[in-house]
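In what comes next, subunit A is part of two complexes: it sits with subunit B in the first one and with subunit C in the second one.
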Partner chain A sequence: MSRAALLVLADGRFPAGGHAHSGGAEAAVKAGRVSGAGSLEEFCRGRLHTAGLVAASLAAGAVLGLDPVELDGAADARTPSPALRTAARRLGRQLMRAARATWPSAELDALAREFPKGAHQPVVLGLAARAAGLGAEDAAYCAVYESVSGPASATVRLLSLDPFDATGVLARLAPDLDRVAHQAVEAARCALVNGVDALPAASAPLLEISAEVHAAWPVRLFAS
Partner chain B sequence: MHLDHNHTHDGPPAVSADAHRPDGRRRALRIGLGGPVGSGKTATVAALCKALRDELSLAVVTNDIYTREDAEFLLREAVLPPERITAVETGACPHTAIRDDISANLEAVEDLEDEIGPLDLILVESGGDNLTATFSKGLVDAQIFVIDVAGGDDIPRKGGPGVTTADLLVVNKTDLAPHVGSDLGRMAADAKAQRAELPVVFQSLRAEGGVKDVAEWVRGQLAAWVA
Partner chain C sequence: MTAGEGGVRATARIGARPDGRGGTALPTLEGEGPLALRRTRASGSEARVMLVGAMSGPLGGDHFTVEAEAAQGARLHFGSAAATIALPGQAKGEARYDVRLTVAEGAELHWMPEQLISAKGSELCVTTRVDLAAGARLVLREEQVLGRANEEPGRLTSRLTVRLDGRPLLDQELSCGPGAPGGWDGPAVLAGHRTLGQLVVVRPEFAQRPVEARLLGEYAALTPLAGPGVLVTALAPDALHLRRTLDEALSTLG
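Right, the complex of A and B next:
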């Protein structure tokens, strides 16, 4: 396995569509829940321990060889908001395109054929990591990092937040990222034995509700 | 993995700029329209649709900055049936969506062909932010850069990737030149200096002829594409 491949996959410039999504930050900014570096950090911590944990365990599970179709169903079951399910599939489809071009793999081709309009992004992420020769922990790290880096960079654009402050938020979250990535891999290993129902199902009701509200706005900067 | 490898439909969707669709047919020619906000990109797209819709099967993808305004304008003007107009959301960065991370746009052009059948031509309008925004070759086969005489007659002289390298430079709103004191002769000379043999069209959509020259250029691109 190549450690550098992890940098390629985790790079915010990896062309997989993430730049158009705020991870709920746009709705939170509009509602006044995120107004600066402090509240951004709280927002990101909440997202990390809920949506981030779930995504990371799905991604790790895909690397470990859990059935991607079952994982996709598990992701659906853990995503109550239809708007978020749509966003996750759209991002999954976009990541699929980038991953197939970058690390051609029969497994990715098969998943693309099964879900022509996109599987849930974390499932695709796991198979992309596998195709890149990476491990379950690597995929989990990508997922947890994405769960906070997306909202942070969106907030820089939305609030004209000082980019150094936003990066400081991410750095302060690093120990939490380690913990959640570790937890996610443990859960995925457990699911190998006990099935996908054993994966975490942490949810953030406010993220789900505000995603629905956001999807109905006539004017917005981000797709989700 | 328990994925079905013998699915009934053909291979997985194409990856990027492949000239053929998974079913082996040639995909539509894709032409991008970029340039600063307000220069007349949407107006040019609308005029092209009206000029070409009777002879070609075409569709449009818009990349609005934060609304669906361009798409809605085209719908309101009824330049094409609604299913042939798609808006892509760009996350506050229209140039990223057409150059650095083209996945959402590629998806939009593929979906159009999946849903309405084979197309001859897809026009992709950029959200328009600055003079450096150009389209990736992975997304479009040719690009038009639209500037206008009211944005300052020194824009061709200043150059930049759009002005210098676009397959066609359109200098729009020539009807306004006398009112804003723009020197069309100087613009033409500067554009020539920047672009050498690459073509430049001066047009006014408010005047006789309108989009005629650009439509003729598009026909030429299409002839080369299917040749």
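Right, the complex of A and C next:
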């Protein structure tokens, strides 16, 4: 298979529903914690090294053949906020539909049967990458990029931030994205030997708390 | 206890089991060096043990281990007499503090230590691992204070893992202070807060009667886990506010 499949999978226009989620940016903007390019960058950096690292290691683990059901359980344990678990499963279900249509695979079919309401998105992402013939590093890159591109593009809409500024934030994060993607693949390889418990569990207390604040709003622009 | 160039290694062990008369006996109660244990007055069927710091620390290079096991039907309340202060040491490298808790079916363990204070220049890695059998009960509180008054924090990594019936129920790691991965003090993680805490409550009856998620102010939430447990996560301006938030959350669970 072609590595260009990575561009298809990572494309923001891949019909997997990610555009409806802000990755916590909507709650952070409303609380005044994100108010411009500088604070957006710090927000994204924090999300990348916590939720991004965990998602990338789960995705890389799925590519390497770790049991997806066990990975899904590990994702649940690393996501104490029920609002975030629901969002992750909804995104997983949407990605599953798009991935099965794009890269039909018995493994994706089996995971869809196991989790009719959706498995955690990073697990689906890993199996989709595997079905597309991509490697663990590709899936990890996809996950780390998603962990920051979602909040960045949401903030353009929420704050009317200049899109050039938002893109500049993403470009400045590139060295961190490289580091976290490599760290995630290394952790996934380690989990092949030491079990899924060995995967990173980096957490961001404010992302978890704010997700519950956000879920309680009567009206919101983004689903999470 | 051994004290070498690499720092102090010390282990404390508690084993609790029913005493056959409606109370809880402690056939194992072994402290060591800086980890001294005192049995305090029992409360009903519950045995109470206090961890008494006999030295300062952990300092750089120290490795402390605390192990507690509650056998079937035992009830153990385990606290500490004072806050633990991570300090820089003469020995190179980080200090480690490992807590291992094991709770059998029908047993109940409360692990309620005082705050962990990460002083400037210290490097500490804490791991708390709880293994619960199906039907075990747990109340666990952890509080971290990043730096003493008006002081930069040290480097702190704290991982909390709770497994229930062989499967992960909760796995969370916080990494903060100088040299921690970027963004730890930013708007997604701590946003400048210097005090944070977690309260974990696991009860078999939550499987039938799940607790609903609720907010406890702007910076704290009670969240049901994907299993019969809840986690309270709280950020606070100081240790007093934090304790109040966690205590109130615990009392609402009945």
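To be clear about the criterion, the second predicted complex is superposed on the first by the 223 of 224 C-alpha atoms of A that agree within 3 Å, B and C clash if a C-alpha of one lies under 4 Å from a C-alpha of the other, contacts with A are read in each partner's own complex, and residues count from 1 in each chain.
Keep this in mind: a residue touches a chain if its C-beta (ideal position, glycine included) is under 8 Å from a C-beta of that chain, and two chains touch if they have at least 3 such contacts.
Treat the numbers as computed from the prediction; the structure is a model and nothing was measured.
Visitor: Name the contact category of A:P68: first (subunit B only), second (subunit C only), both, or neither.
Guide: first
Visitor: Which holds for A:E208: it touches subunit B only (first), subunit C only (second), both, or neither?
Guide: After superposition on chain A, A:E208 lies in contact with subunit C alone.
Visitor: Once the structures are superposed on A, label A:R33 by its partner contacts, choosing first (subunit B), second (subunit C), both or neither.
Guide: second
Visitor: Let me test your reading of the model: by the given contact rule, A:R85 touches which partner, first (subunit B), second (subunit C), both or neither?
Guide: Only subunit C is touched by A:R85; subunit B is not.
Visitor: Based on the superposed arrangement, let me know which partner A:A174 touches: subunit B (first), subunit C (second), both, or neither?
Guide: After superposition on chain A, A:A174 lies in contact with neither partner.
Visitor: After superposition on the shared chain, which partner residues are touched by A:A223: those of subunit B (first), subunit C (second), both, or neither?
Guide: First partner only, subunit B.
Visitor: Could you say whether A:L7 touches subunit B, subunit C, both of them, or neither, answering first, second, both or neither?
Guide: It touches nothing on subunit B or subunit C.
Visitor: Between subunit B and subunit C, which residues of subunit A are contacted by each of them?
Guide: none
Visitor: Write out the stretch or stretches of subunit C touching subunit A in their complex.
Guide: 159, 161-162, 167-175, 181-184, 186-191, 196, 213-215, 218-221, 223-227, 231, 233, 235
Visitor: Provide the residue numbers of subunit A that touch subunit B in the complex, in ascending order.
Guide: Result: residues 13, 15-22, 65, 67-69, 90, 93-94, 97-98, 100-101, 107, 109-114, 116, 154, 157-158, 218-223 of subunit A touch subunit B.
Visitor: Taking the complex as given, what residues does subunit A use to touch subunit C?
Guide: These residues of subunit A touch subunit C: 24, 28, 31, 33-34, 39, 42-50, 53, 73-74, 76-83, 85, 176, 196-197, 200-209, 212-213, 215-216.
Visitor: Write out the stretch or stretches of subunit B touching subunit A in their complex.
Guide: By the definition above, subunit B touches subunit A via 1-5, 7, 9, 11-13, 15-16, 65-68, 89-93, 96-97, 100-104, 106-107.
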